[in-house]
Structures are given as C-alpha cells and as structure tokens.
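After this come two complexes, each holding chain A, first together with chain B and then together with chain C.
Showing the complex of A and B:
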C-alpha cells in the first residue's frame, strides 16, 4: 500500500464534505482563471497587434475627434507606408439590438492590404469593391447569425443619422474572431451628406500598414509632424499601443483582479482549513494509533498536508476547466472583449490557478497537520479508551 | 523454552518507576515505585481495579509515555533518554499494539491495515505482501484480506489487529483489554490466539485485563492497586 492510496482514501471517506470543498475551490479558482485569462487575452491582443506593423492614426482629441478623409491619401503617400484606409466605427443597431457586432466603414479597395492576414476570395473581394452597399463579414459572424452571401443587413444608425441597407457580398477569414463587418466608407458619407449631417467627409481613425516594425516609430513621428499644424492634428500609435489604450481604459484592472484573487485564496483557505480541521477531529484516535505504531511526526504531517493538497489540486483542475470553459463561451458570445480562445493564449498565467491551489492546500492543511503531528499518543488513545 | 521458565536476561526492566500526571496545579500520582521484569517468552497479565494505573504502566512499557522518575529498559535500552522521533522508530521495531477497540484504520482493508507498520520499513512490496499474508494466516483470516473493518465482526477485527501487531515481529506485544469488547466465544478465540503466539512463536506479551479467566491464560499475573504492584505469590520467583 502506498501512502498516496491512504491519503486518497481519507479524501474520499467523507465524500460529501470533500466534494463540497472541492467544488468551492473549483468554482472560485474558475473565477480566478477567468480573470487572469482576461488579462492574458489583453496581453495577447497587444502581442498580436505587434506582429502586424499597423499604425492607428487618431485625432489628438481622441475618439471624439475626426480626421478629414483627405488625410488618408496623405498618410498613404508617406514614406514607409504600404497602405492606408479610413476606419470609422458605425455602432448601429441590428434588429433593434444595440451593438450586436462591430461595424466599420472603410475603403474596400485597400482594406485587405492593411489587413493582409485576413483572407477573402477574389470574386467576393471584387464584388465588395464594385457593390456600393456591399459588406463583407467575419466568417464566424456569418455562422453565428445564420447569414448567407446575398442577405441584406439593415442597420439603424445611433451615432450617425443615417440608416444603412447593406448586402453581404462575401466573408473573410481572420486569425481571431473580429466579430466585425466592413462596408464602404463612401456609402456612409454620401448618405450623411443627403441628411445634411454637419461633419461629413471625415473618418474616425485611419489604419495604415508599414513595411517593417523597425520603421514604425519614424513613420509615426512623420505622420504626427505632418499634421501638426493642420486643422486636425493627429496622434498616431502602433496598433499594439492602441490595443493597450483599451486595456488602460479599464483602469487599474490588473491590481483589482489581484486583490480579488488574494481575497478568494484567503477565504478559500479558511473554508478548506475548517473542513480539514473537522475531519481531523474525527480522526484523533486513528492518528494516535498511527503514531503508536511508529509513524513519525513528519510522516503524519505530510500525510495530512498531502490530503489537503489533493483536495485543492482536484479543485484547481476543475476550476481551471471551468475558467477555460467560461473563456471559451465568452469568446464566442462577446469576442470584442474576449478575442482569444484559451488555447490561443497558453502561457504562464494558466499556472496561477494551480499555484493558488497549492497555497490554499498548504495554508489550510498546515494547522490541522501540525496539531496532528503534535498530538500526544497517550491522550489520543485515551479519547475512546 | 516454549513452556518452561523464562531464562537469560530480562528484556523488559521497570526500575523504581513512578508516574504522575499534572492537571493545572495538582499532580495526580498514578504509579508509585513500580518494579517489574519480563523475560523473553513471558506472558504477563496485569489486573487491577479501574483507575489503578494499568494502562499507564502499559504505555510506559511500550514507549508511548515517559516515567516521572525511575527507568524503563527494554532490551537494555533506556527509553527515557530517547527523543520522541527515536522512540517512534523504536516502537515501530519493538512493540506490537493490541487495543480494546481494535483501532483498525476504517478506510484500509484488512491487508492494508496489517501492511501499515511495514510501510515504515525498507521491505519491498513483495516482501511486505509475504509478511502480511503470513500474519493473516496466523490469525486465520487470510481469506478476509480484502475486507474493510466494517465488513468484519468484532472478533475478526481484533484478529486483524493482532496480525498488525505481530507483522513486524516485535520484541514485545502489549494488549490493553483485548477481549474487553468481545463476546465470550470471540474472546476465547482471541485468548487462544494469544496463547499460541506465546507458546508457538515465543512472543513476549503483556496483557491488561479485568477478566480472571483471561488472566488465567497468561503464565503469570500481577495486580496493580492504587499504583502499587502486588505480585501473586506464584510469580514471585520471577521478580527480585
């Protein structure tokens, strides 16, 4: 008989209590996995963005400002820039749902040069360029809404006073779910002109692709210098920095998450410690017998610590699975906030669950284990004597 | 020497042992200047009224507790000077325990319970299995080795406990009212078994009991009265 077998039997001897403990550890560590997974997905987004040599040009005023459409050509003409497109967030309602997916007005002729990692068939791209009201859709979105090429997508403007009547002309494939559709900027702008919208001829942002990562800082500086004294001065940054901006907008999320995690680990330690202490109390005579037979303090100590470690380890495995499942679900439900599947962001962060579990196991097992190790054999045997 | 007089040096020597327990400020004297010798192959029964200190004396012999004054020597080794860790190790090699309430580990099978003391040794898995099987055969329960304690009768549980006590081939077997919780038939079986361990395997046994019939199975009986040892006249020749 191996010691582990004995430990395992002790874990399962009161399986209701053990399961409840395991579940509470599992659910809480699942939450922790989710939170850390969220941080990791933000990091991953930043990393992804670094690969693509893209620059985001915004008005210095940030999201509230706009850029004249002529600036796109200016940017496109600058040294080091391979392609540039206007990129405006439309934010329309579909079937009366607020922001069911992201919609961007852009330039069909250039957009796939700025996002060369996105792929689309020749014919569909041709249709996109030729059809003024055409739109292309992330293939996952197509599946999610059950759309087919040729379907009409009416969108009601919320920010812009012009409703779009789009027709799907194709679907593109992208490394991550973008949850987006792209349509022609000109279609939107003409509609706005008809409605006598005050600020026509503008784009919210400009996305540009440069030849290599090395030239990015120089190009960024050149763009901002070029527009500095214009009516619409710009603030340009790498796509990675742009992504980071969203992360920063979440405030000090990281430290909040860490404090939540510490609180979770702490309260779980108490729960587990209580359950361990209860099962030890029932086993005083048994432990005394083990010590009488010749089990050393260390052996008794490690057996009981082992027991609480096993409980929390199982909890950690369950928690990790639960957390990853949540992340997976969130990735399909709201990919704009969770653009990655857990499998796409494998990294050291995944260990946190297990490190936390080890901490809980040690802390919660330590007091009962020390008590058991210190137990006087004579007193322990007398309990029932 | 299986049935004759014990010979050679005593394997257990209790010399002027006193024991008191402290509770708050008071000290309760339990054993008072006890002297006792046990020889290899001895079978001693320890009788006396409740509270007279039988269990306390047994615990001292078995290295579970230390005397307040005096010495306990087992195989010439002074238990009083051993550290707790050394004492635990010493017990694992030299003492087999039999308790009134069997005290088997409920989550382990009969086989695993008997194997438990062997997990502290360096024996291989195969050797352990041989030892355990032999011990269970001696107590006549080889066919029940996969049963859990709750699936056994009280008498069977006690026999498993005896197998656990003898599996390491200890110097000394201590039994605290081993038949105290059993019916007459099971008690008889346990006493037969213990007698056989003594006569066939030369086990040295100390047994605490309230039952004169049980005590009669031992080679000799001593009485404790209020912490003082009163040897029976027939056994005087064995003590100084």
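Showing the complex of A and C:
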C-alpha cells in the first residue's frame, strides 16, 4: 500500500507530463477500441446469423442470376425445411435519396416463420397479409423517419422499372437494427409484368429455415443437387456464410485495420517509454537515495514498472470510454456499418485493449526500470542535474 | 532571432529522446499517408475513367450499369443520332455493352466477391483511356475468349492467362491482359458482347450505351435527345458525373481514414508536447541566459516552436520514406454502387506526401505551443538560478 502511495505521488508530481502521456495513450487506445469494435461487430453479425438455422439460396452466378419463383415452393417442400420465402432486393430511392434503407420483396404469409425471432402483433401481421401494397417496417426505422402506421411510402425503382406505392401497415421488433422494410413480392412482380419487364417471376434469393443446425449441411446439399441440372442452378449456404460474403467484399480492410493497430501499439510503447525515461533521468539522485537507505533492487524495479503501468492503465480506461462512445455514436449515425451497440458485443476484443495497455506499460517501463535498478548508488548520488 | 543551429544541436544532444519521438511520429504519419494514398488511388481510378465528352446511357431510372437493362436492337439505334464523334475509319464512337456481376473467389482463400464482366464490341476499346494489350492478345469474338488486367489476374482465381472463367457453365479462356491508364476498366473482365449474352441466355439484352460526343454542344444535344426520344426510354449522364457518383466506394475508406488520422494526430501531438516540455524544463538555465543576452520573448517562442516542428517533420519525412515501398501496391475494396469490387493501386502522389509532412508540421506546432509558452513565461532570474 505504501509502495502504491509512492507510485501515485510520482505519477502526480509532474502532472503535465503524466496527463499528456495518459491522454496520448487514451486517444490512441480509443482508436484501437473503435477499430476492434468495428471488426467485432462484423463477427457478431456472423454469430447472430449462426443462431437461427437459416439457409440462403441464390443463383450459382451470384446476385445477377435469377431464381424462378417456383423454386421457393420446391425448397419449401424439401425435407428438413420448415419455411421458405422469396427475398428480393428492391434498392429503390425514397425522397430522391438512394437506398436510404433496405427494401425487400418477400412473402407476407411466410416471412415471419422464416424469421421467428422477429415479432409483430397479430392484427398488423393480418393487415400485412391482406393489403397488397402493405409493408412492415423495422420499429427503429419507423422512429428514425418519424413514420406512423398508415403512412404512404413511395419508392422509385432503380433496379426495376416499376415504382412502388407502399403503405405502412405495421412495425416489427428485431434483435438488431435491420434497417429494412418488407413488402409483398407479388405486388412487385405484377407491376413488373404490366411493364413488360424481361425478368419477371424472379424470387431473387430464397431464405429458408430448417429445424436444426445438424441437418443444415444435408439440406444445403439436397437443394443444390435438386437444382443442379435446371436452368438456374443454385448455390446455397448458411446465413452465416452469406453474411461473411458481405464482410469479404470489404476486402483487405480488416488486415489493414489490424496493421494500423499494431503500428499504434508500437508507437505508443515508444511514447510512454520516452516519458518514463525522461522522468527517470530527473530522478536519478532520488533513486540512489532510496537504494542507499535500503530499498531492494526488486522494489525499485517494481515501483517504476508500477508507475508506467498506472499511467497506461488510466490511459486505457479513458481510451476504452472514448472508443465505446464513438461506437455508440456511429451505431446511431450509420447503423448499416455499425449494427451493434458496444454493450451488445462484449467479448475478448475488449480485453485486448486492456492487455495492450498493460503490455505497453510493461514494455515501456522496462528499460528505465532496469536502468534504475542497476544504478550504482555512488554514481547516482554524485550526479548533479 | 535565435539561429536554427541551436535547435538542431539540441535535438542531437538529446538524441535518444529525439529518436523515440521521431519514430513515434513517423509511424503515425506513415499510417495516415498510407490511408490517404489508398483514397487517392480510388479517386484516381474513378477520375481518369471519366472523359469529359463521354456519355453513359442507361435505362431510365437506373443509376448504375448493374441495374440497367436495354434491348440491344434499340440500343444500337443510338449510334444514328447526330453529334457522335467518329473514329479514323468513320465509325461512330458508340458502344453497346452488357455488364453483369459474377460471384467469384479471390486467390489465397481471401473469400469471394463480385467481379464485373463486360461484354462489348471492338469500338468500346477506343472509348477507354489509352487502352492497350500488354500481354497475350486481344480476344476474338465468337470463341468465348476474355481479357482482363494484370491486377485482376493476380487477385482472382481463374483469371490468369490461359485459365478459364466459367459463366453459366461455359468456359471463357483468358487470352490477354490490357491496361487503360488505371481506370475502372482495369477492375473488369472483358469479353465479346454476343458471347456473354448468349452464355447468360439473354441474347437480346444490353445494359449500357457508351458514346462520345463531338464537342460540348453535341454532348448537351445528345443528352436531351436520349432523354426525350420515346424510342429509347433511356437517360444519359456524362461519364464524369457517373463516376463521381461511384466515389462513394471510397466513402467508407474516407471515414476510416479520417477517423484514424485524426485520432493518431491528436495522440502523437500529445507525445510531441511531452518531449518539448522536458526539453524546456531541462534547459531553463539556457533560456534564462538567452533572455539575459537580449533575445526577446518572441524569439524564444519561435525558437521552441521551430524545434518542435523540426522534431515532428523529421518524423514526417521518415514516415513518408517508410511508405514509399507501398507505392503502386494494388488492392481492392467494395464498390457498393456496382455491388462489386474495384481494384486500385496506392498512389503516393506529391499531394499525398506533402499532406503527410503537413500533418507532421501541424503536430509539431500544436504539440510545441504549450511548452514554448511555458519557456516564454519564465522569469529570467529564477531561470538562471535553476540547476
């Protein structure tokens, strides 16, 4: 306890230096928290997707391929599949903004069986099934745009030459912000037929829910085998693998972020080591006195290491707070990139920041501490300034 | 004014501290410059792709080629419009093209992404900046052949010379590599219009008409003609506007880049500040002497600020040197607009490098300000009396 008091006194006596070091550590570890939080939020997406035993079926050529709507019934009829719906990206403009939120054409009768974790009231679901132009909206989206049930949502097609005139009939609750609205696939398809669009009857992708995780590989194989020799062969994958595809699209961003983080940690070690070395140089006489009155080498060593670790630990706490604040901020500002709140993705990455901080404290304190421990008392006492 | 040599010598005497601060700053500057060079790379790729007289015509309502759809027959009629530039042989520079995206694996198990496959006819080549075949040969129509850029071949499976890319169970053989001044065309695989539409079982479909106007007036006339002619149901935008729209590809990088840079710069200037505070504290006697010799407060302030700026600039220069090997380093990221990947190279343009140095100077000024003010505020008598 006494040692700690001594360490604390030393930390606070040159408060400008200590607070500058703390701030420098704090800001940089804040950045690290933010970057790792970004990576963690993508992993979380995959983890979330694993829970729900869903399979995504798409044309083997990817998103530009087609899947005839009849395939949905085929998939639905397959063994192990509980429910299946067409799920087609509309990608329309709203109030002349491009894709301000995600819009999917799907089957109102089945969609909540594929996403049983999403909840909606009985009456609203009934209205969704009955109203051809009805749509249901993620409740957070409702709040964000200030919509009410009953409002009209006109969407201009970009991918499809047919504009939608949707009416909100309800809102659903989901574990994460999906930033999506769902509407009836047949409304879109009928509209496209009227416009003589070349590619009607296309379900886009098919989302299917299976009973248990164990049968997923078998079902995936069965679906792909079933369509192998048809006009539109399929590529099925778990929802987690599907989510991974979007993460993959970001390319090297992940490794890029990691290398930045390494550079940050390395540069911080230098900064902190530098400030510890500066403190030590000013305290040579003092340390000699400590040793002269009988402090052991080990004690001197641990006091100095302790000092650098206290500084980096405070920095880590501040950094962690800064990082989480940013994550929270970005979560509400751009949910499509940061779909999770920091509280929703507690995990090992949070530990990483603290471990990094402790590591920086240890590494940066080591050389000054060893120097001090090896200091000859006579030399130290003789030294001036 | 106090000679700069005084500061340089001081930095040399305290070489250990100087070195550590310089390396710390260098890392920070290197990380920022690298990010900036990637952004500059995307910017360049998309900017060079737009020729000011070129127009891109898509189906009305479409904002990108992927979502467009035209009848080839109708699309071909565009070439009869007046005002289209002609090549040496008198052919109108008007290219009917078909674009599709395929989900394909990257090399080395780096996951899958969507690549753009473009079917076009020979005339399309003259609409790309400095199109040339660098290896192998150009494709022959009707033989299911394809060409692509070297960067794409290195990034994706099945795209090297002689390898086969599968499109709807038909194999397209890669027969050549092309270059087009680093424009977005280098992120694509090219094949013959007829071959790819047949493979996709959509023989009469096109997505894009790419054309060049004779001059700026003709450009305006052509845009109006396409917009208003009921035959076409198309709308045309200038290539420059079209690619400007796609700059949103670099949006994510911009956000990441700015966040990283600003955090790091603030963190590093605190560190610089620390070093300078120590420099001031250990030199109070010198400062007192300088004042006693008749140097005024402003000279002291400038001197210490200068020292801090020199310190950080050294780091800036070192950081810039460290990233030089990354010049031309090619990578890719999602172009959400096209729902595909855009391949680009890091561009360490003079602008990017000077931005790096400027950041370092900024760090030096910001970090050195408080220590310098403290140096100025010293009382001569007490300063001289210090050890």
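One rule holds for everything that comes next: the second predicted complex is superposed on the first by the 377 of 385 C-alpha atoms of A that agree within 3 Å, B and C clash if a C-alpha of one lies under 4 Å from a C-alpha of the other, contacts with A are read in each partner's own complex, and residues count from 1 in each chain.
Keep in mind that, in the parts below, a contact is a pair of C-beta atoms (placed from the backbone, for glycine too) under 8 Å apart; a residue touches a chain by one contact, two chains touch by 3 or more.
These numbers were taken from a predicted model, which means no experiment stands behind them.
A.B. asks: Looking at the combined model built on chain A, do chain B and chain C fit side by side or clash?
C.D. replies: Overlaying the two structures gives chain B and chain C room side by side.
A.B. asks: First (chain B), second (chain C), both or neither: which does A:297 touch?
C.D. replies: It touches chain B, and chain C stays clear.
A.B. asks: So in the superposed three-chain picture, is A:63 touching just chain B, just chain C, both, or none of them (first/second/both/neither)?
C.D. replies: second
A.B. asks: Just checking: does A:267 make contact with chain B only, chain C only, both, or neither of them? Give me first, second, both or neither.
C.D. replies: Only chain C is touched by A:267; chain B is not.
A.B. asks: Of the two partner chains, chain B (first) and chain C (second), which one does A:245 touch, if any: first, second, both, or neither?
C.D. replies: In the superposed model, A:245 contacts chain C only, not chain B.
A.B. asks: Just chain B (first), just chain C (second), both, or neither: which does A:381 touch?
C.D. replies: first
A.B. asks: Does chain C touch more residues of chain A than chain B does, or is it the other way round?
C.D. replies: It is C that touches the greater number of chain A residues.
A.B. asks: Pick one for A:354: touches chain B only (first), chain C only (second), both, or neither.
C.D. replies: Neither partner.
A.B. asks: Tell me the contact category for A:13 with respect to chain B and chain C: first, second, both or neither.
C.D. replies: first
A.B. asks: Applying the touch criterion given at the start, work out whether A:118 contacts chain B, chain C, both or neither, answering first, second, both or neither.
C.D. replies: neither
A.B. asks: For the combined overlay, can you note the least CA distance between chain B and chain C, rounded to whole Å?
C.D. replies: Scanning every C-alpha pair, the shortest chain B to chain C distance is 12 Å.
A.B. asks: Mind sorting out which residues of chain A both chain B and chain C touch, each in its own complex?
C.D. replies: The answer is residues 384-385 of chain A.
A.B. asks: In the complex, go through chain C and note every residue touching chain A.
C.D. replies: 16-17, 20-21, 23-24, 27-28, 30-31, 59-64, 66-67, 69, 100-103, 106, 110-114, 167-169, 200-202, 205, 252-253, 255-256, 259-260, 263-264, 266-268, 270-271, 273-275, 277-278, 281-282, 331-334, 339, 341, 387
A.B. asks: Hey, which residues of chain A end up touching chain B in the complex?
C.D. replies: 1, 3, 5-6, 9-10, 12-13, 285-286, 289-297, 299, 377-378, 381-382, 384-385
A.B. asks: Where on chain A is chain C touching in the complex?
C.D. replies: Going by the criterion above, the answer is residues 16-17, 20-21, 23-25, 27-28, 30-31, 34-35, 61-64, 91, 98, 156-161, 197-199, 231, 233, 235, 244-245, 247-253, 257, 260, 263-264, 266-268, 270-271, 273-275, 277-278, 282, 326, 337, 384-385.
A.B. asks: For the complex, which residues does chain B have touching chain A?
C.D. replies: 55, 59, 62, 64-65, 84-85, 88-93, 97, 99-101, 103, 105-108, 111-112, 115-117, 119-120, 164, 176
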